[in-house]
Each structure stands twice: as structure tokens, then as C-alpha cells.
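Look for subunit A in each of the two complexes below; its partner is subunit B in the first and subunit C in the second.
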Partner chain A sequence: MHSSTTNVPMVKIQVNGQEVEVKEGSTIIEAFYQNKIDIAHYCWHPGLSVAGVCRLCMVEIEGNPRLQIACNTTVTPGMRVSNVSEKVKDAVKWGLDFHLINHPLDCPICDQAGECGLQDQYMKYGRNDSKMGEAKVKKHKVVDLGPRVVLDSERCILCSRCVRFCDEVPKTSELGIFNRGDRAEVGTFDGKPLTNKYSTNVVDICPVGALTSRDFRFRQRVWFLKDKETICTGCSTGCNVKAYYNKEGVFRVKPVYNAAVNGHWMCDDGRDIYKFVNRENRLIDAKLVSGGKTEHMQPMELAKRLGATLKGQGASVALVLTGSHSVEEYEAIVSYFKNDVGTTQIYHWINNPDTIDSFDGILIRGDKNPNTKGLIEVLAKNGVSTQWKSLTDSIGTGAVKTVVVAGPENQALFPDMKVKISELSKAAKLVWMTAGKNSELESLTGDVALLPLKTYVEKPGTFVNHAGLRQKTQPVTSIVPGALSLVEAVQLFRGEELVAKPVQEGEKPNEIGKGRVHNEFTLTRGVW
Partner chain B sequence: MFKLSEEGLKYVKSELTRYETKQSAIIRSLYRAQDENGGWVNHDVISHLSEVMEIPAAQIEEVATFYTMFNQKPVGKYHIQVCCTLTCGMMGGRELCDAMMKEAGCKEMGDVSADGMFTFSKVECLGSCDTAPMLQINRDPYTENLNMEKGLQLVRDLRARGKGH
Partner chain C sequence: MSTVQAVDKNSTYKVKRPEAGSNWFLPGIFLGLTLTGTKMLRNLFDYVKSMGGAKRELMPTVNYPEEKYEYSPRFKGNHVLTVKKDGALRCTACMLCATNCPADCISIVASEHEDPTVEKFPISYEIDILRCVFCGFCEEACPVDAIRMGPEWQTPGINGSEFQYDLKQLAYRPALKGGIVSVVDEEERHKAGI
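And now, the complex of A and B:
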């Protein structure tokens, strides 16, 4: 919808007195949405089919005596529409009152409060006392819909977004609206769990607090969280996301619309990967074990000392890289090893060679790295072409004495972590730079250095996704202050000083890829 | 596990080709399955239909729970649906219903009588106000122009007929 306008004739219409242009065949609500003009709505969603059930998107069309719903009315040239007339406001107010008839109004204990469509629209159009004297219908609360989603039927306004999502995106059709009238409730057939790999999206698109995320619910009030855009590093798709964080770390991620990458959605696995960036899962301490002696120190200090021992060591040093890091980091470290250390023994650790090319047809790719393409590109540019086997062979023969590993950033995505640790720790000296804590690494004896790295939310960088799209991210927040990016590590290896640049609050939103548009349900619902 | 009869399966398959969308065949197929399942539908019935119709079970369940013609609990041999909307109500439909229930041995709406013969439901207008009070037994043609006496006799007749089978 937001992509190029090639070949489709455009239609001019007037919205609230303002002339706008939309593609022929668009609906009125699309004209509002594309021109960022506010319009009340619950059931319409730019990524789903039209249902026309919430009756909130009422507009007045000149020459038409009755109000129409904007989501199911097609534009015609010269049409004049308004949603600011008293007639429309009154209709929305009443529509809202009907939605609230059986709504429990339990905002104080509702996880959606602060980003709820009912609250938002009520503040705009309602602010009236309910005229209903009847007792509210009681329905099921805290319904276990599956491993990720919890349903509160009393809060549901039956917009059917969640049902349409399961029908149209993963095409699994688990959800339905059962019974009718004021007894209608969302549910799954026979109580089967909602287990499709995209299920948490229904939480995002639910305009009210009926569907909440089991992972996120009750952990933070949303108004205590800040958010910044970044990407998901869970696989080579590189979905555009927004990370919600505070001083304690990151609490959740939600997808951000990008037609060229992920559309409106992201997968459930991607929802979880924020967890590894938080402090409790991180390697905090820089540690040097040498000759049976263990020293703890600042990461900066360790990096400087490592630099002194690595310089000029030539082909006895090997570097192992994973697809977790940014292009800038690969460039820095490959150049350091090539020019300063003097080795082209640089190896690509592929975490899942068997599934690397798989794709589920929606978003999920078998390459569980955000930047395999970027790494391959940098290696090729530097004329590096190596086979893993020759690394293990040269460790065996003693030709390689020092192995430096950078990564992986998210160890959970590396099923062969243990195997690699035991393989690589056979080298006389092992330097391991990683973001996550790892008990096996930390209990290695022998000559070992552990250097804590930053995660993707703590540093800027460019990631090249499966399709070759370059996405540049900016830091979201700082979680382990002493940790280094590979760019910083290389500066320190070279004996240069770091210029500290703390993450500034209120920095401009990130520029990631082209074609990204803010979608209502990841910002504030219904408002742009 | 419920399974449609061979005939029933044929019927459902032909219904599937009748409409523009497969979903349109759900009501007719549910009716058929309900008849073959002793007058009610349960999750077994829906799972089976979902399989043979290749329609997600949730979508069939939506239809089955939306329409009151699909019974979600077992019903007696005679499911007596008494109209209690305005005209029938004014003509004594509710009292008639209560008395017939008592005669039939049903305590509550929706209960199956101990002999398995009867279930009663109060229903909304069946569109036969000129013959109020009236009722419908299963999916048979209407029984109309009732009064207390005719109603009670109807229960007795049905019981006798039911036992005869």
C-alpha cells in the first residue's frame, strides 16, 4: 500500500477540506491513513482484510444523507469526506458507548492501559457517563490461549482482527468467534492452544486489552518504557522492530512496518531474542587466565593488553567470526587481523549449515544470523576464503597457536556452542569475545581471555539481510557499560583511545531501510 | 468418534460444490451431521466435518455456536421448541410450555426427560403468529392452534409413539 505508485491511476478527493491523492480503488480509510489524518477505527487494519464490524470509522460523504464506514467505502474522484462534523462525532460517541456496554472498565489492572484503543477514543469522543443501566454480561477472564497469549473475553470488542490475522497471515485459522450477540467470545476450537509461529502479533493488533502477551504482561506499565527502532537479529530476514526499554533493560519488541522486509509482522521467536541482551544474561567481567593465574579487569584494559600480544603474530593466529555482527565491525576486525596481526586465517562459523537456506514462506529463515551476507561480503573483499576443517587441522598440528573468537552474540541460536568451545579450546591460547555469559567458557582453564561485547541494541551498525538489503541501526540503550563493540575492541587492540559517546536520550529515530512507515498499533493506537 | 454415513458424506460433498464459497455449505452440512448424531453437534462432529469439508474447525464451530438450531447438548427424541414471543406469549405459550414440560418430566429448559423422550426450548418467533400458540417438534412442520389440553395430549401421544418404535 505504501510502496511505489507505478501504473495505478490516482484519484483526488477532499478529506476534511484538504485535497489528497490516493490510488484508484482505495478505501476512504486508506486515504486517511496514507495522509496521516486521524480517524477512529478498531476493526480495520492495514495488513488485514476489511471486516466493517466496529462501526467506528464513520464519515460524512457530501451528497450522501447517511454516514458511511470509511473502511468499506471506495473513493470516487472528487469525493468530499469529513470525519470532523458534529454528526460524525456523535456517531462515534454512540458507537463507543455500545462497545463499552459490557466492557469491564478494569483499566487499573489491565495490561493494555496506556496503549488502549478504548481509552484513546474515549478521551477523544466519549468523556460521557454510560447510559447503560443493565448489569454487564460476565465472560471468561484469564483464558489460556496458548504459550504466548492470554485472553480476557470481557474486554474484547469483537473486532475480529485476531481471527482474520490467523486466517490470513499464518493461515492457521485457530481462532474463531463463538456464540453470538453479547455472549460472543473469541476462542480456539476445543480449547486447542494457539501455537502458530506468529501468534504474538494478535496481541499487537488487538485494539484493547483482551489479548495480552504472557511474556510481557504485568512486567511494566507501558508509560514507564521508552522505545527506539532497531531490527530483529533472530534470522536473516531482519524484521524491523521497536525495542521498549528502561534503565533495567529491554522488556519487549514489537514489529514496525516495512513493506520491503517484514510488512506489519514479526515471528514469535524474534519476540524472545531481546532477552539475551539484558544484564542477567550477559558476560560482564573481562577475565584473563594465564599460567594458572586469573586476573579480572576492565574490558578496555584487557583489550589493550591483548592487542600488544596479538600484533605481528602472523599465521599462528586465527580469527573466528559469526554472522552476528555488523558490517562495520567485520571491516574493522578483518582489517586488523590482516594488516596488524598479519594473518588471513579467518573462519566463518556457520551455526546451522543444514537449515541455512530454509524459509517458511512468511518471514522465518533458517539462517539464524542477521548478517551472514555482510560477513561473506567483507571476507570476499579481503580475499579470505577458508574451510572450517583447516582450522581444526591447524589447531591439531599446532600451526595455529592462538584462536580469537568474536561472537556469537546470541548464543541460544548456536546449537553447536558447546562443541565449538571444546574444539577451539584445544588451541594453546584462546581469546573469546562474546556478549552472553557462558558457564563452559567461564570455567575453561588454560590460557584463556574473555572479553565482554556489546549487543546490537548498544551499538550502531549495518546489517545486510538475506535479500541484500542494508539496514543501518542506531544504539537503543546501554546495558553493560564496559562492554565493547568489535570496532571499539579493534581501536583498543591498536592502542588507540576510545572516545566515549553515551547514548543520548531523545536522539532522532533510527533510519532503517527505505519504505518504513510508522504503523498505528506499534506507536499509539489510532493516532499518528 | 462421529462419522457421517456414506449417504451423508455424499450429501456434504455435493453441498460443497453448490456455492461460491465452501463456507456456505457449513449450515446444510451441520444439519445433516446433527441429524446423524442424534440431534446435536459436539466437537467430534465438528472435527469430522472439518476434515471432510477441509474447512478449519474454528470456522465450523463459529457457525454451530451462532445458530440456535444447532444443539450443543444432547436432546430428547422429541425436541419441542415452543414459541414464546409476543403473540404466542399473549396466547398462553409460556404457560403451555411449563405445563407440557411438567407432563413430559423435564425440570429445566434444555433438559432431557428421564425416559429420553423430550427436551424443551423456548424459541423466538417462528413466523406463525396467526396460529398462536404454536410449537415445532424437531424439524417437522409446525404444530399450531394449541391450547392447554391439546398440548398435554400431544406430550402423551408423542410418548406413546416414541415407545412404539
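And now, the complex of A and C:
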């Protein structure tokens, strides 16, 4: 949106007395949006076509006797537009009153409360009692549109964003508006479920609480959650997302606009990847099983002990890597194995070789790793080229005695997890570093060491997506305190201590652990 | 009898103390003893009188724990979760009380109700009464009169878990005699078209 290509002529217009420049042919609301000037709107969305049904983006254009909607009026050079005049405010106020005629205003039990367009506008313009004498029209509540989306027709303001989304983005057209007048309702034809792979986006774009996510429904109020940007590690597209978390863990992810990667959207599978990072699905303890004796210890302690046993072992040690870690981590661990251990037996575990190049034409890619490109890059730079078969062969012959596995981070994306565990556990000694808990790994006997790792929300790192785009992420929150990133694990393998980097001058301090300021609402009581 | 005198704006204060033998303390002591004795005698005979059924006002002290003082119904003591006419919880788990609570003592777990007109309800509602400061903000924030503060004020307990009030304790404890009915009725609201 913000990139201005040089071959499109620019038009200068005045918005609320402020001179702004937009591309020729764009609409007035785009001028507002690109310059971050507030304008009330429900039906317009930058990623969708124009519908012009909510009638809230009214603007006064100089020389035009009637108010116009900003979303469907093209800019002309020298146009003077205002949305702060009394006339516009009055129109918005009454427009809002019409939206609220049949809206139940059940904000206390509505999941959208706190991030609702209607609630914001109501607090800003309305806050008046309804002028309608008639009872509100009763419609269907808690309708399961599909496996992931729940509809409450009473709350719907018929902006048609969801209908346009299904028509334009996944092009599956499941949704439609049925009946007329105040009995109009969003629904699916013949009650067919909304099952496209992008269906949860309709929850994000719904300006009110009519469409809510089955997964997130009633689990948290949104004002208890903090958010931070990261990327989705569900596939090699690397969509930009915001993770919403509190001290209990991560609760949901939502897409963030990035024209170069994902636009405004993300897929439904990506919405589930927050689940494996939460504490109940994580490996918490470091465990060392040797000679029939099991020891539980701190991960740091285990990493130090492992470092002492691995050093200088040469080609009898093999390393298995998956595409789920960051470039920095690959560089650290590959250089450790090459220089300190003295082996180039480094193998790439490809989880879905058959579908690795598939693409659905929108966002979903068959390579279910965020950083396959980065791993291949690092391996090539270090002159490692190996075939998986030679690993299984050398485990069989006993040439490889110790196998060190790093990953996978999200075990749900690795359908061959079971097979690989049984394959690799044939080695005399197995060191498995992973983030998620796995009952098969924990029930392994023989010489096994389990080391808990951090997930993508807990560490900084660079991920290279399918197109070779390098995206740097910052840690979002901390979930398993003792877990290590591969960079930290390598430091401990080498016998170094983990030292927190002092904050440099001008550098922003790390915001991990800084939760919601408790009772910000109580503290601002009476201040509007 | 000491007087404080400012000697100089910038220097220290000098305290002027009474010299020894300049005052008689004995009259003061006797005055105090007379007051104490009078009160003691009065309370002693009032107590005897009150045993015989005389007026209570004379003797403000109660013999706790045999006698217990009843506060007015408007007293803001222990929390009560109100119920609907059918005895189900009135609370909709909107978490406005938890949001408003300055002591962070309310924890609610919401869930989907099988009845679509109810939609959301708490499967767990806990108040850590030791953290509670009885400010009444929860009552104030509640949109459906689901939480009130009642006249009960005694909160004894032997261990920590007895101070973690759960749903059963808050809504259905024996003292509430089957629950207090909320003034907000869903059916009446539906009939009124809200």
C-alpha cells in the first residue's frame, strides 16, 4: 500500500486541511488509510473490493452539495475532503444508529469486545440510547458455519466483508446474504459448511462480533492479551503474524500485512501452530538415560555434560537437522560439529519429500518448514552433502555410534516422526534436542539424552522463506524458562557460560516478560 | 508541656523542656483513675442488667464469639454470586469484574453453554478472599447483577485453600439458603425486546 511506483502519476488532494499525495485512480478512503487519518468504516477493507454498504465513511467534498462515501469516490486533483465537519459527524452518528437498530449490544459476552469496530464507533460517536421503539429482530445465534467459524446473526451489520472474502480470495464463494431488509442474514447455501483453507480470515475481517473463531472463542478476553509480531513457521511461505499471549502462553495468531509475503491473509493451518509452543505440549525437563539409570536435570547442566562427551569424537557422531530452526542456529551447530566434534556427517531430515514443491496458488506450500532454504544454504556453505540412506546404513554397520537430532519444532508437521525415532534409536547413543514432548522419545531405553529447546516465539532468528526472502524475528514471550536455543546449546557444548548481552546505548531493551500493566483500566478510571 | 520554638529559619529547632518539680502530676493521675473506675463500674452493672433483658445500647461491647454482631444488609462483606429464577448461575463470564479488580483476586474460566440463548457461562469462578480488598469494584462493574457483596463478614479458615472461594461457596453456601436471585432476568429482557 505504501510503496509508490514511479510510473503511476500521483494526485495531490487536501484531507482535513492536510495536503496528501496519492496514486491517480485511488479512492478517497485509500488516501485516508495511507496517511493514517481516522475514518469510520466497516465494509471497506484494503484487501477486498468496494461494496459501499455501511455508509459510514461519509466525507464532505468541497463544491459537492451532498456527502459522499469515501470508499467509492475516486480522487481528482485539487480535491478538498473533510470528515471532521459537523455535517459528517451527524451523518456518521445517524448511520451508526441505523446499524445499532437490531444489534443486541451484548458486548459483555461478545468475543469481539475490546477490538470491535462497532464498539469503538459507539464509544466515539454514539453513546446514546436507541431511538427505536420497536423490539429488536431475533435471528439465529451460535450457528456453526464450519469447523472453525461461529456465526451470530444478531450481531451482524451486513457489511458483506466475509462474503466478498470468500468470493475473491479463496474463490470458493461459500457465504452469501439471504433474505431482505432487517431479516437479512449471512449464511451458507443449503447449510453447506464453510470449509475452505482460509476460513478464519473472515473472523479477523468481521468488524463486529458476528463471526467468531471456534478455537479462540471464550478462552480469553482480548484486553488480557499482549501481542507481538513474529512469523508463521507452519510452512515455507513465512506469513507475517502477530502472536497474542499472556503469562499462561500463546492464545492465537493473526496475520499482519506484508505485501511481499502474505498480503492481508493467512491460512487456517497456520492458526494452529501456536498450540505446540504452549507449556502443556512442551518438553520441560532435560533427561539423561544411560545404563538403565535415569537422571533429570537442568537443560544447561545436560548440555555441558553432552559437550564434554561429544568433543573430538570425529566421524562416529552424526547430526540430524530439520528445517524448523533459524539460520543463526544452523550456523552455530554446523560449525560446532565441523570444527569441535570433527564430523561432516550432517543430515537433512525432509519431512514431506513428496509434496515439498506443491503450492495451492494462494499461500499454502507443501514444504512444511519455515527455513528449508536457510538450512540448505548453511549446509552448502560448509560443504556438507549427504544422503539420508548413508546415515541409516552407517548406523546399521556401527560406523555411527552417536546420533544428535535437533528438532523438529512442531512435531505435528512431521508425519514420519515415529519411523525416524525407531530408525535413529538403533544408534548406540541418541541425543535428541526438541521443543515438543513426545511419549515415544521419553519411553526410549538405552543411551538417550533429551534436551528441551526453545520454540520460534522464544528466540530471535532469521528465517529464509521459499522465495529466498530473509525475515528476522524477535522473541515474543518466554514459555519454558530452562529451554535452550541451538545457539545457546552450542555455547554450553563448548563449555562457555551463557551471558546475557548488556543493553547497548540506543538499543531497545528486550520486552520479554513485560505483561499487561495490571489494572490499567482501574488506573484510568474516569478518564475518557 | 514542651513548647517548640523556631530559633532561626536555617538552624535546628531547640526544644524547651519543663524543669523538674515545676508541675504536679498526681491530680492528673487521680483524674484518669476516676474515669477508668466509673466506666468499669458502669459496664459491670450494665452487663448484669443486660443479662436481665435491659436495653442493649448501654453496653456496646459484645461477648464474641458467643454473641455475634449483625451488620446491615448493605454491608459490603463476602461476595455472593446471584442465581436466575431456575437456580442456574446468573454470571455470564464477561470478566468485567476480573478486569476491574484492583487486587487481581478473581479468576474465571468461561465456556460455551449448550443453550444458545445463554451462550457463555463460567465453569470456574474463584475469588482469593485473602487478596480481596473489599472495594466493591466487582459489584460495580457487573452488567447483570451477578456478583454482590453480602453482609457476611467472618472469613475464618484453617488452611489456604479455605480462602479460595469457588462457585459452590460463592453461589450456593448454606447461609444463602439456595441462592440469591438476581434482579436482571433474561426472559423479561427478551420480552422487552432487548
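In this section, the second predicted complex is superposed on the first by the 495 of 528 C-alpha atoms of A that agree within 3 Å, B and C clash if a C-alpha of one lies under 4 Å from a C-alpha of the other, contacts with A are read in each partner's own complex, and residues count from 1 in each chain.
Operating definition for what follows: a residue touches a chain if its C-beta (ideal position, glycine included) is under 8 Å from a C-beta of that chain, and two chains touch if they have at least 3 such contacts.
Quick caveat, the model's predicted, so the values are computed rather than measured.
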Which of subunit B and subunit C A:R180 touches, first, second, both or neither: first
First, second, both or neither for A:Q471, with subunit B first and subunit C second: neither
Subunit B versus subunit C, judged by how many residues of subunit A each one touches: C
Partner chain(s) touched by A:T188 [first = subunit B, second = subunit C, both, neither]: first
Touching partner for A:I109 - first (subunit B), second (subunit C), both, neither: second
Subunit A residues touching subunit B - in the complex, by the definition given at the top: 163, 167, 172-180, 188-190
Parts of subunit B lying in touch with subunit A, wherever the complex brings them together: 43, 46-47, 50, 56-59, 61-62, 65-66
In the complex, subunit C residues that touch subunit A: 92-96, 99-102, 104, 110-112, 116-117, 119-120, 137, 143-144, 192-194
Contact footprint of subunit C on subunit A as seen in their complex: 104, 108-109, 134-136, 141-142, 217-219, 221, 223-224, 518-519, 521-522
